[in-house]
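Here the chain labels run A, B, C and D in written order, and each chain numbers its own residues starting at 1.
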Amino acid sequence: MIDINPSGILVRYNVKMEKKMTPEEAAEELYPKDPTIYPIAKAIFEGEEDDVVEGLEKAIGSGKDPISLINGALMVGMGVVSRLYDEGVIFLPNVMLSADAMQAGIEFCKTKTSKVPESKGKVVCHVAEGDVHDIGKNIVAALLRANGYDVVDLGRDVPVDEVIAAVEKERPLMLTGTALMTTTMYAFKEINDKLLKKGIKIPFACGGGAVNQDFVSQYELGVYGEEASDAVKIADFIKENGNDIAKLRGIFHKH
Amino acid sequence: MIDINPSGILVRYNVKMEKKMTPEEAAEELYPKDPTIYPIAKAIFEGEEDDVVEGLEKAIGSGKDPISLINGALMVGMGVVSRLYDEGVIFLPNVMLSADAMQAGIEFCKTKTSKVPESKGKVVCHVAEGDVHDIGKNIVAALLRANGYDVVDLGRDVPVDEVIAAVEKERPLMLTGTALMTTTMYAFKEINDKLLKKGIKIPFACGGGAVNQDFVSQYELGVYGEEASDAVKIADFIKENGNDIAKLRGIFHKH
Amino acid sequence: MAVTRCTKMAYAKADDMVFGRSVTPVKTGLGLEIGVGYTTPEVNYAPRPEAGASKEKLIKEYERITTDIMERMIQIGAPAVVLETEHVEQMSNHPDWGAAVAHAQKTIMENYHDEYGIKCALRHTIGDIREDRNYLKLRGDKYSVLMEAFEECAKAGADILAIESMGGKEVFDHAILRNDMAGILFGIGVLGSMDMEMIWQDITAIAKKTGTVSSGDTDCAQANTAMFIAGGLLDKNLAHTIAIIARSISAARSLVAYEAGAVGPGKDCGYENTIVKAVAGVPIAQEGKTSTCAHSDLMGNLTMQCCDLWSNESVEYHGEFGGTTVQCWSETLAYDCALMNVALDSGNEKILRDMFAASDMYRDAQGYVLAYPNAYRVGQAIAKDGNDIYLRAKNAALESIKIVEEGEKGKLELSRFEANALKDAKAAFEALTDDKDQFVSDCLTKYKNEVAVFLPENYGL
Amino acid sequence: MAVTRCTKMAYAKADDMVFGRSVTPVKTGLGLEIGVGYTTPEVNYAPRPEAGASKEKLIKEYERITTDIMERMIQIGAPAVVLETEHVEQMSNHPDWGAAVAHAQKTIMENYHDEYGIKCALRHTIGDIREDRNYLKLRGDKYSVLMEAFEECAKAGADILAIESMGGKEVFDHAILRNDMAGILFGIGVLGSMDMEMIWQDITAIAKKTGTVSSGDTDCAQANTAMFIAGGLLDKNLAHTIAIIARSISAARSLVAYEAGAVGPGKDCGYENTIVKAVAGVPIAQEGKTSTCAHSDLMGNLTMQCCDLWSNESVEYHGEFGGTTVQCWSETLAYDCALMNVALDSGNEKILRDMFAASDMYRDAQGYVLAYPNAYRVGQAIAKDGNDIYLRAKNAALESIKIVEEGEKGKLELSRFEANALKDAKAAFEALTDDKDQFVSDCLTKYKNEVAVFLPENYGL
């Protein structure tokens, strides 16, 4: 093999840009100080289900309300995770493991009370009819859940009418659609038209390999999202500023 | 330089496919036998204006009607040219020179009579507003003329309303538009809409670098043409089969 | 058909491997030979969305695509071309659709071949339709339709038969998002290999019967998913060091097609193909810098190093300034091939190959392991225990880890994150048993529990 | 500014010319150097049709394009990139539009440079707006707007200034469709050169004043028109042997920019640039196999032989599977450059250059003449009579004819049609006077008569 000096050929920007702090150090700075909350948040960050449950047990034992722990401890830990993911300090598998741990924590809390926890809002997720590419959707759903949304995941290859029925039933904050094939993404238009016919005007966030902004702009409810994390940002924006689709497009249509 | 055997790298299909006959031999087989017509047709093929006029003079001298010579000699010669161009035996500059010679011949015939020659039909040609790329249009116009059409050439960078006015005035068989820029071709849509508003439903053949079939399919009157010679084929089709745009698209939309 | 495991390398040494030549070339289609000393563009395309509306529209669309490509190849003087039609779901679910498309395409190709003498062949990649909304359904009714699709397309004109099969994907999908090494190994190396053993014996039988070419499989469903999730240098969904482990394991899996009778050319999106070529000696298609229309990777030149066909992976059919997309991309591919063919003709193929490899082997861990000298080593690790699909896959993983570790001591830079992920992965693989049965039984327990959609009966387990 | 004619070759011999290195490199933009030993992708793009609707929309469109490209370059680890914005008419006719776009783009590029250290520069190619519906209006009011556009864009952030000027085009357009050799020579070699002498002194003055780079012109309006009309191997609108004569003449014309103070990099679409580099030693941009998005040519690899920037010419901005078009094409360009840079780094640049040239020099007459050893000879024919813009252009034509004739005796095949066109052209050029004044006066008479739109006052004649 010939020998080269790679530095003139390519730049390893990821190495160059890496944050000085380790993820653990960065997380440590963000954990809440409260000694009953701290171990729960940390266990969430580390994705250790058992430690989460153990921490919750202790906290409940010391008098904390199970429901308040969901927002006050589990979500706080998850907030650390989401923030560090957004900043590029940690990667998706960490988020997935933390999200799994958080789910376990929420389930545990629910067993300890008869009150129903309040969610940030409901989102219906699906992969277009005819399309089995569902990893993108799975990431979207996981990140939404990790950020406190109540996700109704319809799965993949979902018939248009089933999507409509779910939206009618759940009345979500928004609907998400994923499609990775040019031949399947057209279902989004149909969904749009059927929703409008029923007078339902919620943002329909669409993404996935084949989908592009130009396509999504063609139907009234469409908002294009590039990254899975955009789904969270879109939902957050809706919660804070209402569901004006023109405004959403103004922010999220970057191409 | 390194030395290679190009035969494994590339194939000179043009060399491989070249017809056995020379253009002159091929033309000779197609000229009319009539000794007064033959030299005119041949002079057209050779693009020799002087010989065309000389031949016409002789023919008129021997009693031929100037107007009938237009169809009976000039157009026949041009027919040979067009056919050999279509078959790939001769190239565009030959056609251009022949067309120039034919124009000279027609002008000459007109001076010899008060009758008005009949054309195959009128076509209005233009380059879209804002666009100065006019060579494609020039080729289109030349080929249409060479095939007996009466071309009203509006030139380049033609404002939409001027196109509409010309169509209203000339009532052509069809309109052609050329655009080479994505930013100019949108004028075609406007033209389409304004024509429809006025109830004018003629085929609007569109071509040129930026234009593609998908774009042209978006407006009712549009028929996409890839090659300049398609303009002639479209006109011929209209003359023979009427101006049904769906039918025209069926034939000329190849992509 | 029997399955003959690969336990030896097809090439005596890495340096013997080059683009355009393979140990066992393949003759196919209209005058085409693959791996005999020249490379050929392989053009891929996806119909426009509207085209799926009816069988007629779809056929028309593929006719246009085919004509456009053939026409452009003639215009620029390209001596040969392969067209790959990756089935959209309708074409595999209704084998008569797929067959009609194959027939329409082949007719056009024959006309061009007759008129101009251009060498060409048609690959049909049947969609792996053995999946319903919730579960993989690898065996049963859908399997019969799948095989029917192969047979009908072969009879109708397809020269080269391929698939990107999905065995193991349900476990893999779960594992890859959780850095679960055992799951990645089980999904790709064990379940994937088991499923391939079944389908490739059957596809090869169909190819024999129809006089077509049984060409091979890629681990698109798994290793490519990992590569896509890993993404570019700044993406943060998966460590690239994990993606290359999945890729290395996938070589042990994709090899199974050849063990079951396939002869190549391996499909374009198999980035594991250099490893496979090293072991099995078959010609391979590859994609890279000229498939940016379809996806981005970090080894645009490197993948050319040992390719026999050079592909654009896929592009949606539509217009550009320079013609339709299939014309633009096929032309670029054809020039890439012309360059390689010049090198082959002038005896400079090894230096060009080395330049291709050098361009990207330090770009990230994936390119480093897939650079042909390292890919060869992964191949050796596989062949060493070629008879044990589990052990060879595990070997591949460990060898790739070792290669990256060595690289890090040299010119391959890793981010701390990538290095940590590698370390954790190494520990995980080293902790695994050497006993296949033990591993399978552990995994069955684990994933029946963790992955709701995992049905062992899909694999006869 | 004075005009200093080139009467000597910048390179002692053809073999000294390679990609990535030029005799007189150029420093520009944010840390970029051109021609010092590495090649850099130059990405070109056209806004979507709708984007022209308003100034705001247009700016937004270019912001998106710029971000997309910079982002992708970072994702794949490209060390450097140049962006070329070819003005749409509004941007030159309203210099504040062009300036606003330049500013918006540069701001984004600065951010990326600051964050990642990526080397980059912005080229603005002002539209030659000196034309109204019927006539060229090379001098007068439109000229002032043109120069204002240069100055405003330079002040607003453009690093590199370019234009594709149109002098001579009215005569050329008439001549090229009629195989009229004198008209081709007059249009390109005389009128084109005269117009360039004027504008390039003024552009260079603006560049000096604004601290930007006066880069050069290409004969897009004429030589490229000929190349496009000539088309592919089976097209029948113009003999390729005529197209290469027009191209060779255009080298004598495009050289004028450098004689008037420009320093390069010559613009991508100047297929005459290899000749120009041989004479003037300036760095050049080129396009070829990775500009199939914009057009098809017959020298996809060959044009890489001596390029310093490597361009995709232009692509409409829209989505593809692999990202937006500007991302896809910039990535492909970046890998092409990586390959060349590997060659430069490892001392293999000459062998790679030769492979590029060999790929296409027998593909048609154009590639044959532009192959660097032959291009060098055309350069010598120009430099020999460098002081006489007419004679040097005629020399270039005759030398190119001679080169093709020699080629035909070797491995370059010509169709009978091409050979005949060449023979006729040769006779036409040989019949021409050696006296510039005589030629100009003959042509004035002829073309005032034949070409209705030809106004001698455009050239001060």
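Methods note: a residue touches a chain if its C-beta (ideal position, glycine included) is under 8 Å from a C-beta of that chain, and two chains touch if they have at least 3 such contacts.
Predicted, not measured: the structure shown is a model, and the values here were computed from it.
A.B. asks: Apart from chain C, which chains are still tied to one another through touching, counting links that pass through other chains?
C.D. replies: Excluding chain C but keeping the rest fixed, the chains that touch end up as one piece.
A.B. asks: Hey, how far is the Cα centre of chain A from the one of chain B, in Å?
C.D. replies: 60
A.B. asks: Between chain A and chain C, what's the gap in Å when you average each chain's C-alpha atoms?
C.D. replies: The answer is 31 Å.
A.B. asks: Centroid of chain C to centroid of chain D, CA atoms only: how many Å?
C.D. replies: So the centre of chain C lies 40 Å away from the centre of chain D.
A.B. asks: Taking each chain's centre as the mean of its CA atoms, how far is chain B from chain C in angstrom?
C.D. replies: For chain B versus chain C, the centre distance works out to 49 Å.
A.B. asks: If a residue has to touch 2 or more other chains to count, which residues of chain D qualify?
C.D. replies: Where chain D meets two or more other chains at a single residue, that happens at 46, 48, 74, 77, 233-234, 316, 321, 338, 341-342, 346, 348, 351, 355, 358-360, 363-364.
A.B. asks: Quick check on chain A: which residues sit in contact with 2+ other chains?
C.D. replies: As it turns out, chain A has residues touching two or more other chains at 2, 4, 9-10, 12-13, 17.
A.B. asks: Please classify the inter-chain touch graph. Allowed labels: line, ring, star, complete, other.
C.D. replies: other
A.B. asks: Taking the top-of-page definition of touch, could you list the pairs of chains it picks out?
C.D. replies: Contacting pairs: A-C, A-D, B-C, B-D, C-D.
A.B. asks: Could you please specify the touching residues of chain B with respect to chain C in the complex?
C.D. replies: Within the complex, chain B touches chain C at residues 2-5, 8-13, 16-17, 209-210, 212-215, 254-255.
A.B. asks: Can you list the residues on chain C that touch chain A in the complex?
C.D. replies: Touching chain A: residues 46-52, 88-89, 131-134, 173, 177-179, 225, 229, 233-234, 236-239, 316, 351, 354-355, 357-360, 362-364, 371, 373, 411, 413-418 of chain C.
A.B. asks: Which bits of chain C are touching chain D when the two form their complex?
C.D. replies: Checking each residue of chain C against chain D gives 46, 72, 74-77, 231-235, 288-296, 298, 300-301, 314-316, 320-323, 325, 327-329, 331-332, 334-336, 338-339, 341-343, 346, 348, 351-352, 355-356, 358-360, 363-364.
A.B. asks: Which residues, counting only chain C, touch chain B once they are in their complex?
C.D. replies: Residue positions touching the partner: 37-38, 48, 64, 67-68, 74, 77-79, 115-118, 317-319, 321, 324, 338, 341-342, 345-346, 348.
A.B. asks: Can you check the complex and tell me which residues of chain B touch chain D?
C.D. replies: Counting only chain B, the residues touching chain D are 1-2, 4, 6, 9-10, 12-15, 17-18, 22, 85, 88, 90-93, 96-97, 100, 130, 132, 134-135, 138-139, 142, 155-158, 181-183, 185-186.
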